[in-house]
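In the two complexes below, subunit A is the common chain; its partner is subunit B in one and subunit C in the other.
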Partner chain A sequence: MGRKEDVVDIVVPELGEVEEVKLVRWLKAVGEEVEAGEAVAEVEADKAVFVIEAPSTGILAEAHVSEGGSTRPGEIIGRVKPG
Partner chain B sequence: MRTVLHADLGRIAYGPALALQRRLHALRREGWIPDVVLSLEHTPVITIGRQGDEGHILAPPEELARHEVEVYPVERGGDVTYHGPGQLVLYPILHLREAGLDLHRYVWNLEEVMIRAARRFGVEADRRPGFPGAWHGSGKLGSVGVHVRGWVTLHGLALNVDLHPDLFPLIVPCGIAGARAVSLSTLVGRPVSVAAARDAALAAFADVFGANLLPVDGEVVARWTG
Partner chain C sequence: MDGVKPDWLRVAVPAAAGPTVRRMGELLRARGLPTVCRSAHCPNLPICWGQGTVTFMIGGDVCTRACRFCAVPHGRPEAPDPEEPGRLARAVNELGLRYVVLTSVDRDDLPDGGGAHYAAAIRAVREAVPDALVEALLPDFGGDREALRTVVAAGPTVVGHNLETVRRLSPLVRDRRAGYDLSLSVLRTLKELDPRLRTKSSLLLGLGETEDELGEALADLRAAGVDIIVLGQYLRPTPRQLPVARYVPPEEFRRWEERARAMGFPGVVSGPMARTSFRAAEAYREVVGQPQPATLCPPEAQACLELDSRAPKKPEGFLG
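On to the complex of A and B.
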């Protein structure tokens, strides 16, 4: 544990013909515990809000995109340190 | 062809319909129930989406109270919108992955349902790039607002069938200055009932989603969810 490879990426999934999405809000703060499947962030495109869930249980270690910022499918928006 | 259950809830306040959607969403995610589409008409309500700006509610609180308009912040995409009598609402609770749909295609399909429903009344609506919904010129005939979690949808579409002209001006539709709501009845030139629009929209829904709609009683659906 502790090595960079041990963290799990939080990735915006493929959403179809959507090039850019807006990160509406983080539902967890960096340093907060998350459970696998728990909602961590919301992105919006085309009047649709899509909830991104934690890929594993642990601590939200990194958030790469700020609220209101833009991101895209396939992009890593944060990382979970399992634990 | 996929079977999608259809329940008509008649005229229902926003809160109970939202609670029902959330419970159905949970059951659908867990795989206890198949896809469901709810059809209904809301009592007057303004909802504020995730990108919502309360400043887009133009009416002062006293006026909203006088018209008995409720206000709800909700988890769907988009800005402020009005729902009320004379507007057909469809809330599909669909598993997008199982239906072979992605998010973009799903929103496109909802727009297509409204466009095809309008066509059955001889009205040609279309899309406006960057502004999801069904449009007729600068008039907004229908809106979409969606929430997806675990690839299962909540919220859906609202088609203006015969809106009370005094109520929609309470807001800036979707936050677009200058946009105005337009009703199917106005475009057709005679009153269209919500029931007729519902039948047209459900037929379009079955075509667009390749679904076989199976009617179920709204009260039965409410009982599944306790």
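On to the complex of A and C.
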């Protein structure tokens, strides 16, 4: 869960020994509505591109990693404000 | 060739699976059990673990061979841990697994190639969970018939050994101690040792093989009595392994599936993301004519029950 009770973290999933992935693109902009289960971002590892879903219905409130930037499994890349 | 990945190599990761995947990772780390899912950087990991499915890698996490497609660390492994079979059996119990897939590193450092240790692991699982079926994906044990006999005597339901690639590419792709004919002979020996065993093998597509070469490999596997064939896309785990020669489109995997069925394989799993252990229980049920359950996970698996109630998704390209 998020650092505050009113946001839900978007987390890069565990991908085994993969240590670093590239955030390819955000599929939603900050401020845009998202539905739980809707694709919000894509991250790329050597073997595949992983589509990350919104953990909750609401507004994409924060995007912490920019497109082309690197991130890691387990890292919070953004937050959804449920609504 | 690696470059931009085609659309069919996009894996949808359900957000709801996250906590289950993390718990699975913590449990396996706590029990000191390596998995090929992690070591091979398998892109299906978040899906499989999210559904409570895992492929254990026994005999340690260091392989004596250095195949050029594989990311499992290679070098001089330590002696097999005699406690490992017990830990494995307890984890199988904890996870509520009823179809257990084991694989192992190559152990050329051991006189029996690790056959006795592998057999001990199968026995431990079968004793702890008598109704569990065990699928054992084996190294070639250097072709040692006695090592193969020891493993078969432990009672696996399915035994697999991967041919990996076509004859011409084998010396380039696999370690020098592996071999196309050696692998076929291992598969034939397994059937000779117990004709009731279901045997399985996999081929990686996209390494530069031609259609004729792939057709020959399938015919050779069928002639060796293989029941279940898995065809999947070769994906480079890290820049240290061979580059991908070609991304094979899903339609081509479907054509190969039809061709493999026409050749008489009772079980075929073919698709860009197919891996030897992927949908292993389903492939076995197909071969023995058992109905498939509604979900991919056994109902008793706690890891599955803790997921939300949505039916597991089948990502694009998972099955041809």
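Just so we're on the same page, the second predicted complex is superposed on the first by the 78 of 83 C-alpha atoms of A that agree within 3 Å, B and C clash if a C-alpha of one lies under 4 Å from a C-alpha of the other, contacts with A are read in each partner's own complex, and residues count from 1 in each chain.
Note that contacts are C-beta pairs under 8 Å (C-beta built on N, C-alpha and C of every residue); 3 or more make two chains touch, one makes a residue touch a chain.
None of the values given here were measured: they were computed from a predicted structure.
By the touch criterion stated above, A:V11 is placed in contact with subunit C alone, subunit B being left untouched.
Of the two partner chains, subunit B and subunit C are each touched by A:E53. By the document's definition of touching, neither partner reaches A:L27: not subunit B, not subunit C. By the document's definition of touching, both partners, subunit B and subunit C, reach A:A45. When subunit A is checked against subunit B and against subunit C, the one touching more of its residues turns out to be C.
Overlaid on A, the two complexes show subunit B and subunit C touching the same residues of subunit A, namely 14-18, 39, 42, 44-51, 53. The touching residues of subunit A, counted against subunit B in their complex, run 14-18, 22, 24-25, 39, 42, 44-51, 53.
Those residues of subunit C lying in contact with subunit A across their complex are 2, 5, 9-18, 21-22, 25, 35, 37-43, 45-46, 49, 71, 235-239, 273, 310. By the touch criterion given at the top, residues 49-51, 75-78, 102-107, 132-133, 143-150 of subunit B touch subunit A in their complex.
Residues of subunit A that touch subunit C in their complex: 10-11, 13-18, 36-37, 39, 42, 44-55, 74.
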